[in-house]
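Chain nomenclature is as follows: A, B, C and D, assigned in order of appearance, with residue numbering initiated at 1 for each chain independently.
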Amino acid sequence: MGSLEHVVTFRVRYSETDQMGTYYNSRPLEWFEWGRTELMRAAGLPYTEIEARGLRLPLIEAHLEYGGKARYDDELRMTSRAAFCGKARVRFEVEIVQAGNGAPVVKGYTVHAVVDEAGKPVRAPEWLVERLSTIPT
Amino acid sequence: MGSLEHVVTFRVRYSETDQMGTYYNSRPLEWFEWGRTELMRAAGLPYTEIEARGLRLPLIEAHLEYGGKARYDDELRMTSRAAFCGKARVRFEVEIVQAGNGAPVVKGYTVHAVVDEAGKPVRAPEWLVERLSTIPT
Amino acid sequence: MGSLEHVVTFRVRYSETDQMGTYYNSRPLEWFEWGRTELMRAAGLPYTEIEARGLRLPLIEAHLEYGGKARYDDELRMTSRAAFCGKARVRFEVEIVQAGNGAPVVKGYTVHAVVDEAGKPVRAPEWLVERLSTIPT
Amino acid sequence: MGSLEHVVTFRVRYSETDQMGTYYNSRPLEWFEWGRTELMRAAGLPYTEIEARGLRLPLIEAHLEYGGKARYDDELRMTSRAAFCGKARVRFEVEIVQAGNGAPVVKGYTVHAVVDEAGKPVRAPEWLVERLSTIPT
């Protein structure tokens, strides 16, 4: 099974810092979500289109390992990879580092169910599997 | 026209601080919303019931004046007041101070339209006007 | 080694929902942090006092399993437990359920380093170990 | 007195929506802050440098007028303008519209004090006034 990879860069916003002077610990989950959005757009399958086709990909599991500080306005580089685990779950692996020197900031993964609009788990349709598995690993 | 008042106390969360060591400037709008929720519950009209009856109260205007710092774990006291401005708008006035000594933290107001589920402005029904105007000022 | 447990109840705020109509997936990390704050206060050792004594407990790992929906204004019950893993790390286990019927919402854990003000890892002092390990399991 | 203007485009993140299906009402204050950051960088005076020179620009007032919906992944265009009001206050005016058709989303302003590291108000130094006032209006 192949996987799909996408890279974005961004800066830490003031609103994302806390009084310790680094990013607040829940912020990476927002960054991960934005990374998924851009990865799926790059794959030719915007998440809005997935929703328009009647599917949702709610999180069922998330894991984060905090590796280093990132201060206000630091430029970060986020790499997101998507892969299927079975036919009913999608897994995204994410790594965020300082854009300048590659120093680790945070990495982790999210696991998503494939459900219909009523929230019922469904087998991932072919168009979804194909789009998210197009690059051999 | 009367108005309705409600007081709650709460503590600043770590997630609400920023690197300046005080609450981040967008957080009061979340606190204001929670104050409205509790004011309406105290008035016997939970916002969930307003939604169940087919109405929404989206913000159309907000104003904030930042009066002083509030650090992590500081206990704050928020006073919310509701009043109608005409029959199609509700206005909430909010004041947040340090619970211990009354030192100013932030105050402001929000103005809300009364709309139906499709987002169309409607005249506020009697049950809404009555509930939010029960205390003479 | 004993552990320490604390229970709080709270309601989902409007600001914590997303367009799927349930809590946004990063919000539990803010709830977890608030649960830790209240657990440590209940243990007689507010986090502000830990900071005043020159220590910080930054996150180094977090894990979340999303078990069910929680809508705006739903009342939730969060149980937090603290325990040491070795002398330089604190681990909090958290479980959040619907207060009414105990239906699962989200559970997980966070692992924290013990560091000084400069961010250097240190062995947890006795006063910290004692306070967070007072109830036999 | 001149003013300075800067334009950025961005997309609404999933984390920024609420159950009404549009952006949550506190999010524009985070967008405004990011717009200020980019405006000051474009002016050759990153906010990190202002902080390094010992100044802070805390908010003392904010005003928002919500003009229209913006859904997940909608592309928005934000125009920020800076101008001094006297020598001790900076005012930013911001307007956010749908990038595609210019439909209004939200507009407002923020007013900032000029203070030193201890939080004491100070007269804005020449290098700050010059940088933020370089375009005649």
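Keep in mind that, in the parts below, contacts are C-beta pairs under 8 Å (C-beta built on N, C-alpha and C of every residue); 3 or more make two chains touch, one makes a residue touch a chain.
Since we're looking at a predicted model, the values are computed, not measured.
J.: Where are there more C-beta contacts: A-D or A-B?
T.: A-D
J.: If we define chain centres by averaging CA atoms, which chain lands farthest from chain D? Would you check?
T.: Between chain D and the rest, the longest centre separation is with C.
J.: Hey, how far is the Cα centre of chain A from the one of chain B, in Å?
T.: 34
J.: Between chain B and chain D, what's the gap in Å when you average each chain's C-alpha atoms?
T.: Here chain B and chain D have centroids separated by 24 Å.
J.: Whole-Å distance, chain A centre to chain D centre, using C-alpha means?
T.: 28
J.: Among all residues of chain D, which ones touch two or more of the remaining chains?
T.: Within chain D, the residues that touch at least two other chains are 14-15, 26, 29-30, 33, 72.
J.: Can you tell me which positions in chain B touch chain C when the two form their complex?
T.: Chain B reaches chain C through residues 11, 13-15, 29-30, 33-34, 37, 46-48, 72-73.
J.: Spell out the part of chain D that touches chain B in their complex, as residue ranges.
T.: Against chain B, chain D makes touches at 20, 22, 25-27, 29-30, 33, 56, 58-66, 69, 110, 119.
J.: Okay, in this complex, where on chain A does chain B touch?
T.: It comes out as residues 14-15, 17-19, 21, 24, 26, 71-72.
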